[in-house]
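Each of the two complexes below includes subunit A, the first together with subunit B, the second together with subunit C.
For the complex of A and B:
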């Protein structure tokens, strides 16, 4: 659709502020809580950009805003230089297939009433892909055809997450939003999924926006990392720079913690 | 699906099966018409010619129970279907979209639930007359609220599941998400509520007919046959007891089916 220019960001978020209103007594005393404040970052084609931060710091809100599930209060989200927030609904639907999410919560990511084959067929039909068969598709994520007739609850966590990734690939996305893709998996399975994602990025020419609290896992995948706390991004560097020269005290604490657990992964 | 292991469903199905057989094929085994009167044998007790006796006008009670069952069950089933359709559609859309329309519709539901149903139905029937289609519509229009609430609350929790979010991200249309991905996951409580509402509607219709405001003579329903017996319920037990038992067993049967379906529809059940 567009030529991949290494110097033009595929995704550019600028001054994004996301605000949640909640109510104390009645509808007239709305309290606002800013989940994300003035966040800006750029993701370039082929990158794996990671946002790291503890739970509740606003990482997932950013992804929800990019996907159009949350309406930000301020700011702009440019996808290939088109502002997703100001475009018409109809136009936004054209861009939707190019940005696909993989959520943390894979237990609820597959419709419990459908067999795996029906889940994948449904997406293939909606995205009108006829150039790939279901068998080829699940081979891409390293699964065999035997699981196609299972229901989601009969699969293991790792298998479910592979199916979720396979489904996310169906609309031929440019950008994959990974929300804690491995944090509810045990380490051995997590490492397999990370390897799968790494291979897919190369093979399918994908760009990742990864969100996680787990710095050691991110180190295996990301080439740029942004550190986020309380709705702000305050440090953004290439992965190795961040591990070698962390500036902010919070980053330093995170890195030290990560280096200890990194040894256990290797 | 192993029905034999699911006792409530099996017993409920057997009860309703026999009641349905009785109501559908009953006329083949009786030679009387439901309206033919014979005052000479008024209120005669059960005999070989009249297995369940006769009523004041000498009409065969067994025959009237068969035809009355068609009306009682027919009203119940059709009212329940209409109520479920209204409730499901309103519940789906209010639950999915939320916001102001949801607020308005749900407050309307609260208002509707605040009216005692039997009395408001009585009022409308009393003012507007009680043909059978009118009974079906009036009962249905006062029975959809619980179902709308159940569906709405299910949809509100389901719409934030990640599979719904993924479907939205892949550009599925709202109708497809609602009817193909959310609705099938709300169907358990909907089916249970439907079957349960059939049994409550049987009771509402019987109550109306017992009060003389339901099915009008010469037609019969189980409630109106009970009504015929109210002058001397024990003395004319062949009028009151069989009709009462048919109502009782239909209600029990539908309740057992609802129980069994809840158990059977759990996708995690092997």
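For the complex of A and C:
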């Protein structure tokens, strides 16, 4: 498990098809329209792989499938060459802490009735981590101790997002699944979170699979981007190639729109 | 004559050790114009929206005055504790669109019925026919009004839910529309569709718009004037064109530099790592810990307001010069 072979994908999704006839549950916002059809991609250790597409295109469903919240109709999801979909529940539970989600809806991801310190203490207890103090943990995500006694509603969006990231780090994950990590944050905070994620990826040896719709910002973080629409992945490329030679018409429209909005201030 | 003006709005907690959410905010909204409110998360953008509608929790102490002025209706509010003053404003004069559109609608009622509810209140409880709702829906840009009429909020896609929320707000025939981050969950293409429709509706219904956003690109391309908030303080209020070419406040300057590098796809240079803790007000300039121009004076008292040309101003001891 611990081996980190750069050439072996940490996550390999092949021919994944998700049908929502029966499954509409999961921690991420429920998806009602788009199923996922025959989607394949590979994420290598240390990668930041981004899936970009409009809301409801199926991005979140893929994350839900990896986390075991929905059962795909078809396909396979290999995590370190083990098929998560065919393994026994017990075995799956062993792997699961290594894959941690960071919710899109981080405003509701924290229990409103507990103080931040209680929320984090609880997670540390569940994962029986005694090697790190709460103070150290929130320092990792760039927060000060003054917020520990706050309730979630008293924190700003950026602060909440940092707490959610801190909590996701507690089980010592290998792979972080980030659902729209910065899309509801303003530019100064988004850039700070992007920097935080970049640093964490190096320091903690993490791999990211992230989904987003914000191309300009994601461009600063991701090294590979897949473009998704209506349940299909149309195009997958290294980030800069995608911006220079977008092929599919939808990719081109998306890249263009992103570039046009960037022209408001150059 | 501005349609809405806010003078010295302050919002504080009533605790033993009071914290300040907003301090001394002033701005005006001219009829037919768009005012963008920008600022980082926790700066107080949503608090301003809620204050304008009088929907802040009672645990907060609100000071300042607000003047609403549209044709024959003139409302001045100096005492925020009296809820009744806001009743004639809410929905029918000023409408608010929340970021989470689907979540802010009633999940148990079909969209058509929700629109009927609002139209009824706006039209003093006359009965509203289904046809008039369908007409209204097609006027607000829906190609299949019948489908929207019959849908429950959860059946709408993210982009569509935002469009319906816009229609719901318009059903009350407001003069001012406040949109609190309406596009932050949409991808570039759906966002553009939404902004285009918003622009059309603004013209059609002769609206004045307060657009809250964390997307500076949108703020710059949409607005006539911009209010820049930093930790609950209004640090600069300017015409958009002026702000773009000659920002005065160092925070605005830093923001624009950051935006430029993201727009040009460069990782911005090192920024101050210190993360602000919301509502934690010092007596000095709120930006003094990050500002490259700060001196001891900046840390002592909040810098006085420099008026450029009524009502536009900035608050800084050592403003940026024009490049």
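Note that in this section the second predicted complex is superposed on the first by the 246 of 266 C-alpha atoms of A that agree within 3 Å, B and C clash if a C-alpha of one lies under 4 Å from a C-alpha of the other, contacts with A are read in each partner's own complex, and residues count from 1 in each chain.
Everything below uses one rule, namely that a residue touches a chain if its C-beta (ideal position, glycine included) is under 8 Å from a C-beta of that chain, and two chains touch if they have at least 3 such contacts.
Since the structure is predicted, the reported quantities are computational estimates derived from the model, not experimental observations.
K.L.:
For the combined arrangement obtained by superposing on subunit A, do subunit B and subunit C clash, or do they fit?
P.N.:
Fit: subunit B and subunit C sit side by side once superposed on subunit A.
K.L.:
Once the structures are superposed on A, label A:112 by its partner contacts, choosing first (subunit B), second (subunit C), both or neither.
P.N.:
Touch status of A:112: first partner only.
K.L.:
Go through the superposed model and pick first if A:249 touches only subunit B, second if only subunit C, both, or neither.
P.N.:
neither
K.L.:
Where does A:261 make contact in the superposed view: on subunit B (first), on subunit C (second), on both, or on neither?
P.N.:
A:261 sits against subunit C, while subunit B stays out of touch.
K.L.:
By the touch definition at the top of the document, which applies to A:54: first (subunit B), second (subunit C), both, or neither?
P.N.:
Second partner only.
K.L.:
Looking at A:171 after the superposition, I want to know if it touches subunit B, subunit C, both of them or none. Which is it: first, second, both, neither?
P.N.:
First partner only.
K.L.:
With both complexes superposed on chain A, which partner does A:147 reach: first (subunit B), second (subunit C), both or neither?
P.N.:
Touch partner of A:147: subunit C, not subunit B.
K.L.:
After superposition on the shared chain, which partner residues are touched by A:192: those of subunit B (first), subunit C (second), both, or neither?
P.N.:
Second partner only.
K.L.:
Based on the superposed arrangement, let me know which partner A:157 touches: subunit B (first), subunit C (second), both, or neither?
P.N.:
Second partner only.
K.L.:
With subunit A as the corner point, what is the angle to subunit B and subunit C based on their C-alpha centres after superposing, as a multiple of 10 degrees?
P.N.:
70
K.L.:
Examine A:220 and indicate which partner it touches, taking first as subunit B and second as subunit C; both and neither are also allowed.
P.N.:
The second partner, subunit C, only.
K.L.:
On subunit A, which partner's contacts cover more residues, subunit B's or subunit C's?
P.N.:
Touching more of subunit A: C.
K.L.:
Enter the shortest inter-chain Cα distance between subunit B and subunit C once the structures share a common frame, rounded to whole Å.
P.N.:
Value for subunit B versus subunit C, nearest C-alpha atoms: 6 Å.
K.L.:
Note which residues of subunit C are touching subunit A in the complex, please.
P.N.:
Where subunit C meets subunit A, its residues are 38-43, 99, 154-155, 157-159, 181, 184-190, 192, 214-218, 220-221, 244, 254-256, 258-260, 262-265, 267-268, 271, 273, 275, 277-280.
K.L.:
Considering the complex alone, what residue numbers of subunit A touch subunit B?
P.N.:
67-69, 93, 96-97, 99-101, 103, 105-106, 108-113, 122-123, 126-127, 151, 153, 164, 167-168, 170-171
K.L.:
Under the touch definition given earlier, write down the residues of subunit A that touch subunit C in their complex.
P.N.:
Its residues touching subunit C are 30, 32-33, 52-56, 142-144, 146-147, 154-159, 162, 180, 183-192, 213-217, 219-220, 243, 253-254, 257-258, 261-266.
K.L.:
Would you mind writing out the residues of subunit B in touch with subunit A in their complex?
P.N.:
Counting only subunit B, the residues touching subunit A are 161-163, 165-166, 168-172, 176, 180-181, 184-185, 267-268.
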